[in-house]
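Multiple structures follow.
Common to both upcoming complexes is chain A, partnered first by chain B, then by chain C.
Let's turn to the complex of A and B:
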C-alpha cells in the first residue's frame, strides 16, 4: 500500500469519529450561535424574531449579568485554589503514611464524590441552617455562631458555597494527583534522601515538578467545571441573597426557563464558553495529553 | 403424546387469555384511537402530596383499566422538565400539573389541548363531576380566547401561623395588622427567635409581598396598566417587609416555605408565614410537636386582609396521544369525591366550592377558616406573559431588603428601571 493510499484509509477510518464530533459538538454549537441572535421561546424557534447582537450588548449593560460574571470568576479562582491546595496536600501526606492506612483514608475522603451535586447542596443547606444545622451548633460552642452569616448574608453566602464545593470536589483532585504521584520512580526519592533533602525541599524540587502536567490537567478539568457551577448554588441559595451567589449558569437558567428568554440564555452560555476559552486555552496547550515527552 | 398435550394446553391457555382480555373492562383502558390498553403519564412535583395521590390513582386504574404513570420531580425542576417535554413534542406527558403563572405561557406556546368538548361529554366525566362547583375565578384563569385549557385542583395561599402556647406564655395575642405583627416579632426576636419568614430569594417572598401590597391598597400597575412599583402604598409594604426581616429568625433570609414550616413544626418558631398546602403537616400528630397548638390567620394587613392565590391545574398536553383519557383522569382527579379524599389525607384545599366548607374537612384541618378568610379577597399574581420578569425583579429586590442591603424606595426604583423596557 502506497503512502497516499494509507492516508486515504486513515482518513476514511476516522470519518465516524469526525461525524460524531460534528453532530454532537459543532452542529449544536452552530445552532446555539444562530439562535442567540433571535428572540424566541423554546419550542417556537421558527417564529423567533431576529435581534442580531442585542443579547450580547444587553449582557454587558446588565448589572446582574456583570455581577454574575464577577461572582463566577471569584468562585472559580477561590474554589480552585482551595481544592488544589488541599487535594495536592492530602495526596502527598497520604503517600507518607503506611499503605493500608493511606488506602483507607483515601477511600473515606473519596466518598463525597459518589454523591450528586444537588444532594450535596441539600445536605449543606441543612448543615448551614442556623436553627437546625450542625455548622451553627459547632460555631455556637466556640461562641462564633452570631458572627457567621452563612448562606443568609450576602457577605458570607458565596464563601459558604465554596466550602461545600471544596468538600465535594477535593477528593477528585486527591485521586488524580495520587495517580500522578504513583508514577514518580521511587529511586528519585531515595537519591534525594541520600543527598539530605528534607520534606519541603523534596516536595517543591521533586514531587510537584514531576506531577506538573497532572496538576495542569486537573486544574483544567476542575477549573472549567467550577466556571460552569450550577447545581450546588441552585440547591443552596438559588443565586441569592440579593444576587450575591448568582453564577453565569444560574443566570442563564433563570433567563431561559423562568423568563422564557431562550435567545438571551444562549447568548449568556456562549459568552461563558468564550470566557472559558480565554481563561483555560493556555492550559490546554500545556496539559499532559497535548504533548509527548 | 406429551408434546401434543402440551400444545393443546398452550392453545387452550391462549384462547382463555384472549377471551378474558376481550371480556374484562369492557371499553375500559382502551385508548381513544381504539388500540392497546392505555398508559397515561402525568407530570407533577414530588412529595407527600404526590405519594397520597399515587395511592388514590390505584382506584382510577381499577375503575377504568387505564394505567397511570406519575413522573414526580422536585418542584424546582418541574417547569423546566414540562417545558422541555412539551416543546420537543415527545408526547411523553399526557397530563401536566401546572401552576397558574405558567398557564399563559403554556397556552401561548401551544403546549395545551383545549378541553371544552370533553367537559360537555358526560361519558368522560364521573357522576359527581358538577362543573359549576369549580370556583369560577379559577376557571377564568384557565381560559384563553374562550377556550378552556385545564381543570383547577389545588389552591394555595400564604397564611400566618402562630404557636398559641408560646404567645400565651408571653401574654401576647395573635396579630392582625402590620404594627401588631412587628411588635410580636420584635418581642420574640429580643428573646432569641423572631418571626419565621420565607425570605429566600424566590417566589415565596414575592407571594407574601403581593399580599402586603394589595392589603395596603397598592398595586404593581397603575390605573392605565403601566408599571408603578414605586407608588407610596408599595413602598410602605416594602418598608414593612424590611422591618419584619430585621426581626426574623436567624437564617430566614435563606428560607423557603418548607423551612418556615419545619421551624414551626419543631416548636422553635413562635410565629411565621407559611403556605396553606404545608399547613396540614403542622397538624400531623405523628410528626409535629405542635399539633393542636397552632393558630391560623391571614397574612397581616396594612388596611384589609388580602390573599395571594396560587392554584395548580391539571392540563391535557397538546401532544398527548390519549387526550380523551387524559381528560378523563383530570375530571376524576378533580371530582368532589376524589378531592375530598385528598383533602382528608393531607389537608389540601381543592378548587371545589362545596368542599371548602365541608364539615369533615374543617373539623380535621383548623386552618381551613383562615384560608377561607384570605380567599374572600384574593387574587393571583399578574398573569401576563411578561409577569415572570416582574417576579424575578421583585425576588431580587425583596432579598436585598431582607438582608438590609438597600432601602425600600431605592429597591423598588431599581426594579422599576430594570423593567422599563419590558413594561413600556
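Let's turn to the complex of A and C:
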C-alpha cells in the first residue's frame, strides 16, 4: 500500500469519531453561543430578539445565579476534600491487606459507582426520610434527630447531598488511587522501614508524593464532575429547599426547561463551562494524562 | 504507639465499617422492594420480614416498566457499540499511521470531558426540536455516543500502546493489509479491554438521566427516566420504586464485578492501569 493510500485510510478511520463529537458537542456549543445572545422561544428561534450580552450581564446581577455559583463551589470543594481524604485513606489501608481480600473488598466498595444517579437519589431520600428513614432512626438513638434537618432544611440540605455524593463517588478515587499505589515498587517501602520511618511518615514523605500525578488526575476528573453536578441534586432536592442546593447546572436547567428562558439558560450553562475550564485548566497540564507517554 | 496487632485490628475495623457504609444503603432498597406495604413504614426498620413479589408485579403491570427496560437496552446497546467501534478504529488511525496531527486530535477529544451535560443538552434540545427528532431515540443515542467517545478513544489508545509494534510489523510483511493486521492480530489482543469499554459505555448509558429525560417522550423513556417519574411525584410509592430501582441496578452491579479490573483504567480513559 502506498503512503498516500495509508493516510487516506487513517483519515477514514479517524473521521467518523471526530464527526460524531463535532455533531453532538461542537455544533450545539456553537449554537448555544449564538443563541445565548437572543431572547427567543423554542420553536420560534428565527423570530428571537437580539439582546447582545444582556444575559451574561444579568447573570452577575442575579442573586439566585450568584448564590448558585457559590453553592456549586462549596459543593465542589467540600465533596472533593472528603472524597479525596476518604478514598486515599481506604486505598492505603487496602494495600496492606492480602491480595485476594483487597480485591474482594474493592469489588464491594465499587458498587455505588455503578448505580444510576436517580437510584442514588431514591436510596438517600429513603434513608433521609424524617419519619422512617434509617438516618433519623440512628440519630434518634444518639438523641440528635431533632437537630438534623436532613434534606428538608436549607441549613443541612447541601451537606446531606454531599454525604450521598461522597457515598457514590469515593469508590472512584479509591480505585484509581489503588492502581496508582500498585505501581510503587515494594523495595521503596522496605527501604523506608529499614530507615525506621513510621506509618504516617512513610505516607506523607513517600507514598503520596509518588502518586502525586494520580492524585492530580482524580482531582481533575472528580472536580470537573462535581462542578457540573446535576443528577444527584435533581434526584434529591431539585435545588430546594429555598434554593439552598441550587447548583449552576440545576439553575440553567430550570431556567431553560421550567421557565422557558432558553437564551438565559444557555448563557448560564456557558458561564458554568467557562468557570470550570478556568478552575481546572491548570491541573490538566500536571495530570497523568499529558505525561503518560 | 499502638502495637502491631492492635493496629491491624483497627485497620480491619475501618475497612469493615467502610464496607457497611457502602452496602447498607443498597441493601435497604433491595430489602424494601421485597417488603409488604405495612412493613416498609415501620420504625425501627424491620430487618426480618415476610418477603413478597407484589412490588415487582406492580412495577411491571402499571408502570410501563417493560417498555422502559426495552428502551434502555436499545439506547445502551446502540450507543455503546457505536462509541466503541468508532472510538477503537479512531484510536488505531491515530496511533498506527504516523499521522501528523494525531496529538492535536487526541487532545481535541479531551474537550469532551469539560463540557457540562446541561451545556450540551440545552442547544441539543432546541436543535432536535427544530428538525423534528425530539422524542425519538436519536437524541439519547447521539448524546450518549458523543459523551462516551472521548474516553473510549483515550482508553483504546492506551490499549494499543501495550501491543508490541513487531506483531503488526510482521503481519504487514506477511502480506496483510493494515486493516487485516488490525482485525487478525491487534483486535484479538485488545479484545478484553474493548469488551470492558463496551460494558463501561453501556453502564453510562443505562444509568444516564438528563439527556434521556429531556430528549425522549413517553414512548422512548429509559429506565432512569421511568424511575424519576415514580420518585418525582409528591408521595413516593416506595415499594414500587424500590422494585424498579433493584431491577435497574442489579444487572449493572453484577456485570461490574466481572470488569472490576478495568474500572479504574476505564474511568480515567486509560491514564492509570487497573
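Miscellaneous remarks
Keep this in mind: the second predicted complex is superposed on the first by the 264 of 293 C-alpha atoms of A that agree within 3 Å, B and C clash if a C-alpha of one lies under 4 Å from a C-alpha of the other, contacts with A are read in each partner's own complex, and residues count from 1 in each chain.
Just so we're on the same page, contacts are C-beta pairs under 8 Å (C-beta built on N, C-alpha and C of every residue); 3 or more make two chains touch, one makes a residue touch a chain.
A quick note: this is a predicted structure, and the numbers were derived from the prediction, not measured.
Because the two structures share chain A, they can be overlaid on it, and in that overlay chain B clashes with chain C. Touch criterion met: A:258 reaches chain B, while chain C stays clear of it. Judged by the touch definition given at the top, the superposed model places A:35 against chain C, while chain B stays out of reach. In the superposed model, A:106 lies in contact with chain C only, and not with chain B. With both complexes superposed, C is the one of chain B and chain C in contact with more chain A residues.
Looking at the shared chain after the overlay, A:81 reaches neither chain B nor chain C.
Touch criterion met: A:221 reaches chain C, while chain B stays clear of it. When the two structures are aligned on the shared chain, A:152 is found in touch with chain B, with no touch to chain C.
Judged by the touch definition given at the top, the superposed model places A:130 against chain B, while chain C stays out of reach.
Look at A:66: by the touch rule set out above, it reaches neither chain B nor chain C. Of the two partner chains, chain B is the only one touched by A:241; chain C is not. Once the complexes are superposed on chain A, the part of chain B occupying the same space as chain C corresponds, among 199-207, 217-225, 253-261 or 415-423, to 253-261. Contacts of chain A with chain B, set against its contacts with chain C after fitting on chain A, overlap at residues 42-43, 125, 131-132, 234, 253, 257. Against chain A, in their complex, chain B makes its touches with residues 76, 79-80, 83-84, 86-89, 105, 108-111, 200-202, 249-254, 259, 262-263, 266, 268, 385, 388-389, 392, 395-396, 399-400, 402-403, 405-406.
By the touch criterion given at the top, residues 1, 6-7, 9-14, 16-18, 20-21, 23-25, 27-29, 31-32, 35, 42-43, 45, 86, 90, 93-94, 96-97, 103, 105-119, 121-127, 131-132, 134, 137, 167, 171-172, 175-176, 178-180, 183, 198-199, 214, 217-218, 221, 224, 227-228, 230-231, 234-235, 248-249, 252-253, 256-257, 262, 265-266, 269-270, 272-273, 276-277, 280, 284, 287-289, 292-293 of chain A touch chain C in their complex. Those residues of chain C whose C-beta lies close enough to touch chain A in the complex are 1, 7, 11, 14-15, 18-19, 21-26, 28-29, 32, 40-45, 82, 86-87, 89-90, 92-94, 96-97, 99, 105, 108-127, 129-130, 142-143, 145-146, 149-150, 153-154, 158, 161, 177-179, 203, 206-210, 214, 223-224, 227-228, 231, 236, 238, 241-242, 245, 248-249, 252-253, 256-257, 260, 263-265, 267-269, 271-274.
Residue ranges of chain A in contact with chain B, taken from their complex: 41-44, 64, 125, 128-132, 150-154, 157, 234, 236-243, 253-254, 257-260.
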